[in-house]
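Here the chain labels run A, B, C and D in written order, and each chain numbers its own residues starting at 1.
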């Protein structure tokens, strides 16, 4: 196209100049999560209008020089580095986004917070409850905003569910049942990677998938008081080494409000690609959700429903008055998985600019820690064969 | 119509006379289950053609004289009685069908078997593992045929699932997850009835609904080796008295082949009318089922599936080569819940006339006992807070 | 079982004797439809309690002596014949049920009515509008009750739809779209049978499947005022001879109330076994139905719905206050296709015993004729390439 | 955030410089479609990596000065104008994107092409077949690339369908049935806007929604040879004036390969928000799609399927080897409606940079014209009451 190129840089007189303030973003990691976060920072700048702050993609850090340089080029970061300490030291970085592997969550995130940067960290917060508590304790002490990136809180249907529950539309909650099913390591020839290595990942399906549904159980129903669990590693010998994390877990829980529930996650659920399903039953109604149809929320009326009102409703959560839909399209023009990150980071920027709370709609590091406490209790229960009572540490 | 009435009793010369032998049926109970069984005996006589035996509805027993007399008239029983001992003493009764409340399962069924009658008993077999074992031990000793009426084994889709698993189409089984959800006692003003009384029912959702899915877990996946459970009674004070059975339970199980699973049942799952759902994940494929759409079986292909084969299939189980469909209609002319009893009792008559086995496709009293053993272990686990190992008694 | 046989014929003193009156049934045909009707007469005797009349299966007629004798034995007809005139002449036959091929609809049904017997005739009424009108005219003149067996009016979800529309819950109707899709003659090696022969069947998918959805359009929306259609015979040369009926048709219709709609039927819709689907859109709400899930009715609220009410509801039509469900089971214990015949023939017996109207809930011969008029107009439109205005003859 | 602001504009040494060439984009319109297109240009720059060309958002034109200035600011256009001629005259504009109202399609698009700019025009191409043909004829004469933005060709499931059909997996096609249903003008108080004004829009549901499904019928099945149609305007008197376009239409079509089909669109389908559904039946298989679940494609096997293969499959079109999924996420992390524009404009940029064809996967102006010819024939058929044969003009 070079023959047609023209000078498009010259500003025209009519250009409007009262844009929102900017915020400099430094990101650790550029793979799956990095791509999702980078997209969200870029898209929220015009999809949510006006955005609370305009993200400037300042710098990205990663271990591979070639890959991180290309990531910077691709997503539009001003610079890149192979040493995450550079992000912490960079005065242009005001928000530190940790999209790296779990073993890189604690030290860089704490360092960034202690350097005065707001911090977003991917889930699970730490590899263990202890590590997660340390992150929570030290980051909270700095006074920066902190968010554990449980993005499914920001699915419109999930937020709508929370709002309905808060409004009392479900009455007393009796049941929560959740499963998060994938099948990507079914093949025994699939090689061990970092997600199958305890020293890097902390756990397997438990921390990767289970953490999401445990967080949603806490978000939607309440605090977990006891849990019984069983873990399984179906294939523990793979090319690349011994697998020392769980392939799947099953657990039953008691919630503080009297509800009971099941949690289950697996990477061996043949045919289930990204199937996070949950259902809540309350005295006045029920709700059900499936991530593979994330624009839909199923609602059952309660026992007083007339015939005219009865039956399971499938709400296509895409109306202008549905959560987050002021940013999007006319009804029925459905959105995708990646949009959850747009909503999530928009929420975080809003908390920063307004000095508001990240919780209860976003997950704080305390939420990240508490979920880790529950994950650890499932591991303990597997070993002790006992129902474990939960206790949560305070800072 | 009296003016048009004619003598239709006179036999015509062409009437065929080589009908199958008859079998005299005596039934205890005439309510929900009695209606379903009576229909099945009548319908199988011509829907399955020729039937293994032609059921003659000899006598029905129940406590209310008016009700049992009307039931006899309605369903075509030759006689009725308010004393079940009459059925046991009646030489015309060759098959004793126990469709009565749980507290009437043990004594009459044992007596009938000891009087030489084949016995069908509704589930749960007994109110406890001990009572169930006693029924199994004493009835097996008589040599009559015995079946515990777990009718969901006779849903065409469930039988097809069993056949696919037997043929190795699922490979190694990793997961079984099952829930049986209803909502009929949500209303606190709903009065206590026999199903909410431990002395009559033995347990609540556990024995009524849970027994079905536990039996299907055993039927489809294998024997249960350990179980952890939690029970809940959400409303324990009702008109008519204190509820002393569970409204719901949650459990996680380990199977003998290495699979893990969840079992859950509730009478407080708002909006779920008769939702018995289960899913099985194996190394080569997955299966899923929902009783509210009982003509459908969902099948996922395994990890070797090409794009052309991939995706969750919904088989409308209604083809001529599907289980039990030789008895019914052209493809897609779907059948109902009641037809499971037609298949089940047809199976039992066939075992009687051919002196064949009731198992493994039908549930024997041993199956009924083993499921009771698991139900009891869930109750113990709730109290001990421990994962309970299962041991099964042999006769 | 002979060793255990006993005399079960002896009546006991307590037997109740005040049964409803009987009605003698003579049936022409014993194949698919005959089986469905015979089952219905037997099942309604105890499933609908007390039944309006007790059907006595007097005699069955068919062309094959062996087959009709076996049918009589199987379904319990007192006698059989290879000459349908015997049914007409039989004074014990008070209700003539024509479940035979289309070419045997007119003459026997008219003869039976003129002999004073109430008549049920399978759909399509006649092979053409002319033949159908002749049946309507002559049968109506006799004063007997007449019903054209459009059994899908008696699906609980369809009746519920009608009741909702009658109650104004849909407001003004804008759209009706219906398709009835099967795939049983896809294979070119499938031989020509009577349903593919115009002299016997009258038409192909049009009269067999199309008649059902046209009848439902009339039942639910209103009278058809104009129609444009296209027919197709995809495979016209088959083993057994040249196919001279349509394999499929497509049509668009204008209704008298201003609504517009589509009708379509095919025997070449690969993978669709018995998929009769329709949807109605009105100013206050919408309804949708699929015969393969016949226990479900989908309902959309209208434009005034709040978020709390919005979304497509799936009513599991199985509650005690749903149409016909007083005869069946607890909620969610779903029924099958064959039950539509139980409801239909119950309705007809009720009309007979109470001297009530068959319409508007049952289809009369006038309804059968009017649907035939529309089918003929579709054929004409295919040939004339014009939108055909409908005119209906009066008697 | 001002206190933390830093100079982030300074380039770092490591910045990579070998980016793809740029292409200057000028856009007419900034509302619904403008937002979708602007997003797509921005997102494809990093989501498809490397992009064929890097879009530079040069200028945007619209009638309202305030609104267009804000749109420029929001989406990052370098400049804006209230006179579309400025875009045509701007040498920096190499690609002219017409996202304006239908009455602004012809003149600006032709002018832009004649000025040597590649042109994308939203559908419907023109308001009539004549206007569309003129656009096709004059633009094609210039030699620039042209695309009519039928974005649903770029839904992954739709492209997969096309690929399966091209590969012969469906065999001979018998049926196409499509409906596009919305309900946003149900309320009689909803005011007339440009989409309800014939002079601006050309037609109503026909050109807005019907054009999409007609284009997909042509894309998936073949050319339309004849059509019969009916139009309806249910509410013709609204605040703001008389509605002179259709609210809905129904049509039946014959395709050149022998298939028959139905097309239907409505803005009065209560409860249907954006429900574009189609189904194709072929001799070897069937396909079905619903835009409200755009990540799913339903596939039915053909008549030779074994039980193990039978049943309707729901493919979650989200695997790495599915169309367009090399750009996105791991399996099951579903995408949204807006992503179709990313794929579409990526396709167009690729055609530009490689001097390749826009068709057959993208819709050219010839496709846009032919669809308009079919729309006009539906209007004629409504008036003439006749089946209209289609003839297409050549340039």
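Just so we're on the same page, contacts are C-beta pairs under 8 Å (C-beta built on N, C-alpha and C of every residue); 3 or more make two chains touch, one makes a residue touch a chain.
All figures in this text were calculated on a predicted structure; none of them were measured in a lab.
Touch-path distance (fewest steps) from chain B to chain D is 1.
Contact tally for A-D versus C-D: the pair with more C-beta pairs in contact is A-D. Our note on geometry: chain C versus chain D, Cα centroid distance of 43 Å, whole angstroms. Between chain A and chain C, the centres computed from C-alpha atoms are 54 Å apart. Averaging Cα coordinates per chain places chain A and chain D 33 Å apart.
Looking at chain B, one finds that residues 272, 312, 316, 319 touch two or more other chains. Chain A meets chain B in the complex at residues 172, 174-175, 177, 179, 181, 183, 186-187, 226, 228-230, 232, 234, 248, 250-252, 254, 258, 260-262, 264, 266, 268-272, 281-286, 300-303, 312, 385-387. The residues of chain B lying in touch with chain C in their complex are 1-2, 4-12, 14-16, 19, 21-24, 32, 36, 38-39, 42-43, 46-47, 49-50, 53, 56, 58, 69-70, 72-76, 78-80, 90-92, 94, 182, 184, 272-275, 291-295, 316, 318-319, 329-339, 352-353. Every residue of chain A that touches chain C in the complex is listed here, in rising order: 164, 169, 297, 299, 307-316, 319, 321-322.
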